[in-house]
Every structure is written in structure tokens, then in C-alpha cells.
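Two complexes are shown next, each including chain A; its partner changes from chain B in the first to chain C in the second.
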Partner chain A sequence: MMANIRLQDLRHSYVENPKSDADWALKRLTIDWADGGAYALLGPSGCGKTTLLNIISGLIRPTEGRILFDGRDVTDASPEERNIAQVFQFPVIYDTMTVHDNLAFPLRNRGVGAREVEERVREVAEMLELDTTLKERAAGLTADGKQKISLGRGLARSDVNVIMFDEPLTVIDPHLKWVLRSKLKELHQRTRRTMIYVTHDQTEALTFADQVVVMNEGEIVQTGTPIDLFERPQHTFVGHFIGSPGMNVLPCEVAGGRAIFAGLPVESANAAAYRGDGGRLELGVRPEFVSFAETGIPVDVMKVLDVGRHRIVETTQAGFVIKMLVPEDEPIPEGAAHVRFAEDRTRLYRNGWLVT
Partner chain B sequence: MHGFGTRAMAFELRSITKRVGAEVHVHETSLVLEEGSFNTLLGPTLAGKTSLMQLMAGIARPTSGEIWFRGENVTGVPVQKRNVSMVYQQFINYPNFSVYENIASPLRVAGLAKPEIDRRVREVAELLRLTPMLKRRPNELSGGQQQRTAIARALVKDSDMVLLDEPLANLDYKLREELRDELPRFFAGRNCIVVYATTEPTEALLFGGNTATLHAGRITQFGRTADIYRHPADLVSARVFSDPPINTAEVEKRGDEVLIGELRLPVGGAARGIPDGTYIIGIRPHHITPSKPNAEAAAIEGTVVIAELSGSESAVHFDLNGQTWVSQSPGIHPFEVGSIARLYVDMNHTLFFDLDDRRVEGGE
Partner chain C sequence: MNKLTNQRAWWFVLPVVLLVAFNAIIPLMTVVNYSVQESFGENMFFWSGVRWFEEVLRSERFHSALWRQILFTGIILVIEVPLGLAIALAMPRKGPWVSVCLVLMALPLLIPWNVVGAMWNIMALPDIGLLGRGLNALGFTYNYTRQPFAAWFTVVLMDVWHWTSLVVLLCYAGLVSIPDAYYQAAKIDAARPWAVFRYIQLPKLKYVLTIAILLRFMDSFMIYTEVVVLTGGGPGNSTTFLSIDLVKTALGQFDLGPAAAMSLIYFLIILLFSWLFYTLMMRNEAR
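Presenting the complex of A and B:
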């Protein structure tokens, strides 16, 4: 009984009479999430994702706009009426209860019959590989074990409209994170529930979600698949925020349909589309698509960071830093060198937005 | 950058141990840290990183062994009498002080002149992106800003030693990336020993400097970071220093071939010289890729268990003969879960370990 979720013309301000743009914690946005999808809200702290999460769950009433579940307006409905399951950053469990009773708790709470409770608990415990610990007290479990219970409690009820995850893996060790990441993905594939995952961590968002909503300063800067976000950032923020290191963003001019950076012409995918309407012009190219060459942009090699699988090389031209990735076994020149940007991966941005 | 003689070997743990009751928290450990060096303690939770740092700082006393600093035996000298700073994962600030006063507090205690305090506070605030918040109180800041305030307080005084215990763990991904870049810059040229504990291999690699891999209360290996990464002494060190996890399998080496069950792979690189027999091989995830890296690379096939995407890399967890292996490659490659992935193993970089987990050959 999952639902399509529509957030329509939402806007939210924490101040009494919002006037300027800065007064809006959430600028006007509309999102459609289809039943059964895996979605992520990704952005830095303060981007508005938590406000949005609280609006969906009913903890905050938006200043403007409607929230629709399957076309039904729930803007004024209480959190209980919305029927949402939530998993938080820190495990919310009862230490004195057994693992079994923790999983059963949300079901018993809603008066689900004993037989169905047993069935659901077994099913969820099996999916999360908690079936051998069902009789143990939750207090004795490790951090990831406890968070698994939290996940299990979110999944136990079959009657929820949506399951929302708020930074659920923050407290988990890196070598266990991937296990839980894969578990979550698998759970989505098995249950086909609508899930919304809120995080600042690109790996978690991109691994989990089919569609990622990237937010910055209260607005959506791009909605797309992981490939869209990597290959075609719609905004320089997306290029910078997604990818490690992020996209190089270099100031430029455009003359005769060609981008000019530091007085040097640079071929790009879209400079010809620029309409000459002014604005702040920048070139964006990911470090993955910059390589050393015989000719091209002259640079000074400043710093080489060996991160094992590749080297991150920091070069400069006219005081601007250009980062590039060099594979493990390839030589790196010292001092003065030339670099090239892959033409089809180099894009022009105007006032932050991709020129189309 | 380094001094000479005793100054170069500024800090020394001599056969220290730490037992609490019947439990051994730190097994016998000897370690020499150079003046001005950046040292990462890398290991999973409960490997002993925090215990070791507490001994280094003088917060805890070793059960046996000695601690030497700049030619003096400082064993048992408490933290108050040592010029050290510590930063923890969970930070504490003075709630009634502004950010500025929070950062300035250790300098006021030390009795520095006002202009000097001001200069230092502003420098460190700039580094930690706190300049616009200097007048605010901690409760008016985000969690990340509060943590940065606490880091700033530890960095502002000229400590002989700065110990940072997973200081970035609770910060936003991108901010963490920026601070990883900035921290070594901040310490560069200062005559202070930095010890940084982390569970993340990537952090150790980004900092460069030296790394100690820790496991179960022991330092398993210590040296220059890139050396430790490329030449792990044993399987435990290799495992600690690999994220995603290093792929392993028990194999038979026979002549030019490595046999993993039914699978036959060619022997490559330095491993060609080792005698035939049973080994454990270790292959780092980025040496298994969807495209063929070189002529000797061998094709393998496995069922996709999970595909993980970071912003610019893909990791595929796949099942090979009942074991889960991981491939990591640049770019975003979607893999259908349950499908068969064809991947290539770069045999030139394969690490070989004997049955006691000591590395024997291979791997450049």
C-alpha cells in the first residue's frame, strides 16, 4: 500500500514575514516520487534537506505548497496519519528488550495480530541476518547490529506509505558500511517499498537511489541518476559536491563561440550555445577528464597525492588550481607541463548553471 | 624538514604495554616518531588507537615500558605537564564563550599578548572556515561548526604534539574532504608531531606522511604511508589498509599459473620468482576492472551482488566461487544485481602471502 508522493510548490521559511531570498530555508520546489522507487536527498548540512524531510513526515507545516500522497492532500495531516516509517542517524531501540521484541514493537503498537507479528519479525530478521540473535538483548549488540534493528523496525510494518532514512549509516565503521549499504539496496529490491534516503554522503546516496535530488541553499540544483550527476552536472555545485575530488571550475570568457581560459582557447561541449547575455562564465571539467599532453594549457605541477589507486595531481595556471587524476603506473612530469581537457567533458556554465 | 640526532627521533615508545585488569589493551609496542612528522594510526574500531593515543599524551600510564620525548624520559608525566593537544570525535566547547573566546582560551591561559592571540585565532579560524562565526556562541552553530571550533582550540596553541582521534568522523563528506586537504598544510613547517587516528584508509593515503596499521592492540606495521600501502608486511596490515576490502583467496601456484579452485590465472610481476606451493593471494579492488588494463590481465566472471557508486567511481561486489570480491574503477558503471560481470585482474599487482599470512613476494 505504498504511495506516489507529490511535493507541490513547497516553500518554507522559519521567519515570521519572509522578504528576501535568504529568509527562505526552502525555496520553491516541486518533486514527484513514484510508488516503489528508491530516492535520495543529497546535500551539505544547511541545504534544506532536513527541513524537507520534516515537512514530508509532518513535523513541520510548510509556509506554502501542498503534500499529496496518491493525490490525497496530507498537508494538514499529523505525522501518525501520514503513516511513515523513519530510521534515524542514531539507533532508536529499547536496550532492555530482546531483538525480537524491538522488531515487533511497532507492529504490536498498531494492534497487529500475534501471528502476523511473528511472520513479519521472522521475515525482517531473516533479511537483515538478525535471525540468530532474536532472543538476545539489544543492549549487547554492536553499533551496526543496533542500527540493523532500527532498519528492521522501519521495514517491519507493511502498511506504511514511505520509509525515510535520515543519515542512517553515520555511526557505522567504513568496513561495515558497505555491508549495510548493500543490505539496504537489497531490501529495496526485495520489498519494492518507496524509500527516501537523506544524506550528505555521495556514496550512500548514489549507491542507494535510482534518482538523486541534489540540494544546495534551499533549492534543488539537479535531479537525476548517478550517471547524470557524474557526466552532466547541471550546476557547478553538483560538479563540485559529487566526485572526489570535485569538478574543476575555472573562470572564462567566450569569444566567437569558444571558451577562453587564462587567455587560452579551450574546446568545450557547449560554449557555442552561449547567447552572449553576460553573467559569470565558468568552465567545468572533472579531474578524471584532464590529462598531461605535449601541447595545450601550460601548467606548473604543484603537488602529487598518492592515494593508492591513482594520484591526485594539483597543477596551477595563472593562479587557478587544476586538479587531475593520473592512473597508478603512469609517469607524472615535474615542474612545467601541459594539460588537455577532454572536449566532450568540458562544459560552460553561466551564473553556476549549465549553458544549453 | 626534520632535525638531526635526538631531535629527529623526537618521540619514542620503548616496549610499552597497557593492561587493564586481565585485558591487554596495548601489546608490547615500540615506535619512533620524528620531529615535525604527520603520523596516522589506521585501524578499525577497538584496534587500540585511542588507548595508544592516551599513552602518548600522558592521559594513561603504560603498564610497562618507557616513553621518551626529546631525549627525556616522560613516562608517567601527566598530560597537564606535557605540551600536548588532543581532539576527540565528540567535542566539548565552553557554552558561554563566543567562538572567538573558545579558540583563544588556551592562549589566554598561556598568557600570550593580545595581538598575538588575535593573529593566531584569526589564522586558525580562517583555516577551519569559522571566520564568519567568531562572534557566535556554540549553541548557535551547526554540529559541524561546533566540532570545527573544538579542532581550532586544539590547533591554536603551539603544542609539541597534537593528537587527533577521528576528528572528522562526524563532519559532512565535502567538508571532511576539504579539511583533509587543509590539515597537513596547516602543520607543514611546524615543529610539532601530529598523530591522527582514523578508521579510513583513504585518510591515511591523503595525509601521506607515516602510517601505523593497527589490529587487536598491536601495531602491525609502521613506515612511510605509500610503502605500507604497497608493501604490506602481512595479510592483516593489507586488510587494515584497504577500503573497499582487499580480495583474498587461497591458491595453488604451479609454474606460470595460479589456481583458485577451477579458475586458472597467470602469475604476473614479481610473483613469478616464488616457489610453487599454497599461498593466499591479495588483490586490491582497483586491480580488478571492467576494462583490460594490460596484456597480462586475466578475465574472470562473477555474479554481481551489489554495485556501489561514489560520485566518480564504481565498486562492484561480485561472487567468485562462493566468495565476495570487489572491483573498483573510475567512472560510473551501472551493473545489474544478479547479472554476470566480466572483469579483468591485473596479475602484476597481486600480493602473495604464505599460510602464516606473511607476505612473500609480488606487488609493485
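Presenting the complex of A and C:
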């Protein structure tokens, strides 16, 4: 019943006649969502992720491109025809109905028989732990209860192609966020529905999804597992946006297949692949892979921030900040010191993109 | 915990106390004063207890004015609230037509009440008015100065023209404040337009509708100027509503005692109905 979803050569603009690059909320992208996957769409506010979500659900028609569900073109199909479910940022419930009727609403609208409706509602209420509140008015529930109802309306339908979440934990109390988050993960494993989770919070994205799609300025910059994103950022944006603190991005040059930062040669994993075609060159290395050493890049230690099991150390070289993560039992030199970058974790980027 | 006793704060309350005293308490107490006394010329007053209240409550004239008033208010509420809601639902949400519609809707509300009365008076004249002549030309015998039914028809039509806009504007404001997500969720849930109205729009409009009904109830229950200019309460007494009757008693016959008693009863009726409406419409909120 479920489907593989393909977005092909998609572009979208909210402007009548888009001219400049900035007019496009979504710049040409093609992406596949496999049936049963748990995806996260991660990016800063205004990067186009909600636009992309609304295009999948059919609330917005893309300016260009096609949407295929199992090869069937649904670009012009309504949300109802696409059989999708969506959980919005703010809980959307039918105030005057009971919790039970809220869950039954999408089924009744589709002419499902009364017995099956009862069965489905019971099952979903049990999954979401709403069974004790079924007879209460939905308006009386707390924010997390209401958000469960919106999710439940999607789960109740057996034929849903994909369930989408648009920053669903925005209004949830912090102490309940992780409860709901693990509930979602559990529900995905239990129901094996395709789920797409939109968020700007990397913790939410990385804990929920098997595959994370990182977006920036209307473009997909990388798709991969949480480990891929951490270990092999395809773009400096991914390196910087994911991780805490983000990747160090330092301007450099390349000479003789070696990167040179602040006049000093730095060993890296991919500088040899650089073809000498100019552009903005940068070295990226995560703070986790920078360590103090006897020799290497001379730096001044500026600031030490204790974050529990690690300390974040801020150092500078020639005006550029290099952050590093030091385990709590290691000594930190004062004033002048030397640091080393782990060679296989240090990568060269050209105009933001990984050099390959 | 020690209580702060700072009596100087009373000085800050004083201006409001004075204001309320002059614009509400003193006028109201004057009326109360009249209602329990018999007045003669040269400012002579005699205590009369609740006599005027008994008289008014037993008077046939008051009963029929009250009945007419309730009927009138009932009719215009039944017409204006659904009509206003329907117009608000039909109005565009975006684009250049929004402001055009809003201005058109606001126009009747900006016209002074006596002008509204005069306009409809002239328009409904059977020999020269557009409405009057038109109806007669269509074969209806229509003369609002002679037929009670025609007078009622004209008064109701005038009120609907003048005040439906208020309901429209309130409902429209309520409608545009419903977040898009609700409509999107309804689309995804395959809700039909009727279900969208019944389960999203109507519940979200509950408060503005309560306000609209209360405002229209209170205003129409006190209607005076437009009707006086249009029909003068006639033909006969057929459009003599409570306020018109009150003015006739107080200023026409100069029966200050009965008029004061009537004012107070009138006031209490409005208060009672408003409370009733409010409680009925809000009773689910307590749960």
C-alpha cells in the first residue's frame, strides 16, 4: 500500500516571475524517499524545508518538476488523493470532538465501515497511550496529548503513503520532548511507515532518522546517515551546522598536493585530489580531531569551556579561531602551544564543497 | 507576610471613581430617585414606594411594547447573524478585493442613525421612493405609513442593511485568524466543506459570534433613532418599541415616575438577557 516517493527536478518560487537565484525558495533538486524509511529534513529556518514538505503533501504545487509516488505522477493530485498524513508545528485538533472522534474523523470521511473504524481507533489509541482519554474532549488535553492526536489521525489510516512532521516538538515541554521523540522512533519501528521529520534541531534529526537530508538556502547539501554527516561532511555548511561545536573551517592554499594554512603545510585526506582550478579553498576539521602536540601548528590558547566529559578549547592562529575538544583528564597548556589535525579527518573544500 | 498598608494609593483611584460617578452612578441614581417618588410641579416630591413598578409591570401598553421589542430583536438576530456569517465566509481572504469588500461592508456602519432613517424613509415612500414605487410596480400594495406589516418589513430591512456589516466584519476577523494549518489538516483528513465549517470554522468563531450576538442584541433592543425617523412608531403603535414608548412616557406625557420605573425594568431585562446569552454560549468552557 505504501510507496517510494521521488521528487524529480523540483524547483519552487513564491515569486510570480523568478529572476535571480534568491527568488527560488527551492533550487533544482532530485531526491528519493524509500518506502518505510525514517528520514529527517534538517536545516536552518528559511532553508526551504517546509516548502519541500508542503510540496510532498500537495499543499503547494511546485513551479517546476514532478512528484512520483511509485512511478505515478501525482504533481497535480490533491493532498487527499496522495494519501499522506502530516503533523504540524502547532497541534491541529478538532476542538469540539472527543479524542475518539478526532482519531476516527479521517476514516469516517473516507467512508470506512463503523467496525473497522472502532478497531483502528482502539489500536492507535493503545499505541499512543491515549486509550484512557478517548471519551474526553480533545480541547482539554495538554500540548503533547494534542500532538499525539494529530499523529494518531495519520496512523489510524492503513493506506497512508507517508507521515510528515513539521517541527512537531516546538510547543512541547522540554521534559516531554525526549519521551515523544523515543515514542516516534518506536512507532516507526512498529508500523514501518515512511516518515519524514522536518526540524532545525540536529539532536532531533540525528536521533530520529536513519537518513538525514541537510538543506541550506533551498538546496540539498548532503544526504546520509548521522555518522556520514559527522564523519564525512560533503559541504562546510554540514560540518558547521552539525556537531557541537561545529567543524573548524580555515582558509588555505594548496601547493604541490598539500594544503597550506597560515604558511604551514597541513596533511589532509584529499588535498592531492585538487585539480588547481582556483576557487575559495578551505580546510575543514572537527574539534574532535584536533589535539595538542609537541610540534605542529603554533597557536595561542584563548578560552576553555567545561562541558562535562570534555572541554572546548578555543585557540587562535593568525587571527583564525581553531576550536578543539579535549577529554577532561588531559592537561591543557597555557598561552603558546602546538596543535595537530588528524590527517584522515582533515579535508579540503573548494567553494564550500568537498574536493573529490 | 506583612500586608502593605499604603492608603495613598486611593488618590490614584479617585479620578476613575469620579468619572464613573458622573457618567454612570449619579445618572442612574437620579432615575432610581424618580422611580420611587411622585413628582409635582415646583420640585415637590412624595414617596410612592414600588407603585410605579407595579403599574408598569401590569400595564398593557408596556407588555405590547416589550413583546414587539422581543419580536423585532428576535427577527433581526435570526436574519443578521446567519447572513453576516455567510457573507464573511464568501468574502475573499487575499488579494485586492479584500479591501474593496471591507470598505463596502464598513460603509453602512459609518452613516449617522438619523440619516439612515431619513434615507429609508424617502426610499420606501410609495409614490416617489425607489423601493416603494418598485414594490408597487411589481404588483405589491405597499405603503409603510398605513400597513403595519409593510412598516415592520421596512424597519427590519433597514436594520439588516445597517447592521449586518457589523456581524460580517466580526466574523471575517475571526475567520482570517484561523491558522492555515487547520485547513491543511482538514484537506489531508479528506473533510468535506460542510465538515470544515462545522468542526473548524464554527468552533473557532464561537467567541466572535458570542460578541456579535450580544452587541446586536443590546443595540437592537435599544433601537430608537432610525425607527422614529422612519415610522415614528406607527402606523398606530405597531412599531413602537420599548425605547420609543419610554420617550413618549417620559418626555411626551412627562410621567417621570412611571418612565423611571420603566427605564430600570428595561435596563434589568437587557442585563438579564445578556447574561443569559453569555452563559449559554460559554457553558462548555468550564469543563
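Keep this in mind: the second predicted complex is superposed on the first by the 352 of 356 C-alpha atoms of A that agree within 3 Å, B and C clash if a C-alpha of one lies under 4 Å from a C-alpha of the other, contacts with A are read in each partner's own complex, and residues count from 1 in each chain.
We take it that contacts are C-beta pairs under 8 Å (C-beta built on N, C-alpha and C of every residue); 3 or more make two chains touch, one makes a residue touch a chain.
Please read all numbers here as calculations on a predicted model, not as lab measurements.
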Touched partner set for A:Ala22, first chain B, second chain C, both or neither: neither
Contacts of A:Ala336 with chain B and chain C, given as first, second, both or neither: neither
First, second, both or neither for A:Ala114, with chain B first and chain C second: neither
Which partner, chain B or chain C, touches more chain A residues: B
Contacts of A:Ala318 with chain B and chain C, given as first, second, both or neither: neither
Which of chain B and chain C A:Pro79 touches, first, second, both or neither: second
Touched partner set for A:Ser45, first chain B, second chain C, both or neither: first
Parts of chain A lying in touch with chain B, wherever the complex brings them together: 44-46, 143, 170, 173-175, 178, 181-182, 185-186, 189, 200-203, 206-207, 226-227, 229-231, 240-246, 286, 288, 305-310, 325, 328
Residue numbers on chain B that touch chain A, as the complex places them: 44-45, 142-144, 170, 172-175, 177, 199-202, 205-206, 208, 225-226, 229-230, 243-245, 284-286, 305-313, 315, 317, 328, 330-332, 334, 337
Touching residues (chain side chain A, partner chain C) in the complex: 57, 59, 78-80, 84-86, 88-90, 92, 94-97, 105-106, 109-110, 137, 140, 150, 153
Touch list for chain C against partner chain A, complex: 179, 181-182, 184-185, 187-192, 195, 199-200, 203-204, 287
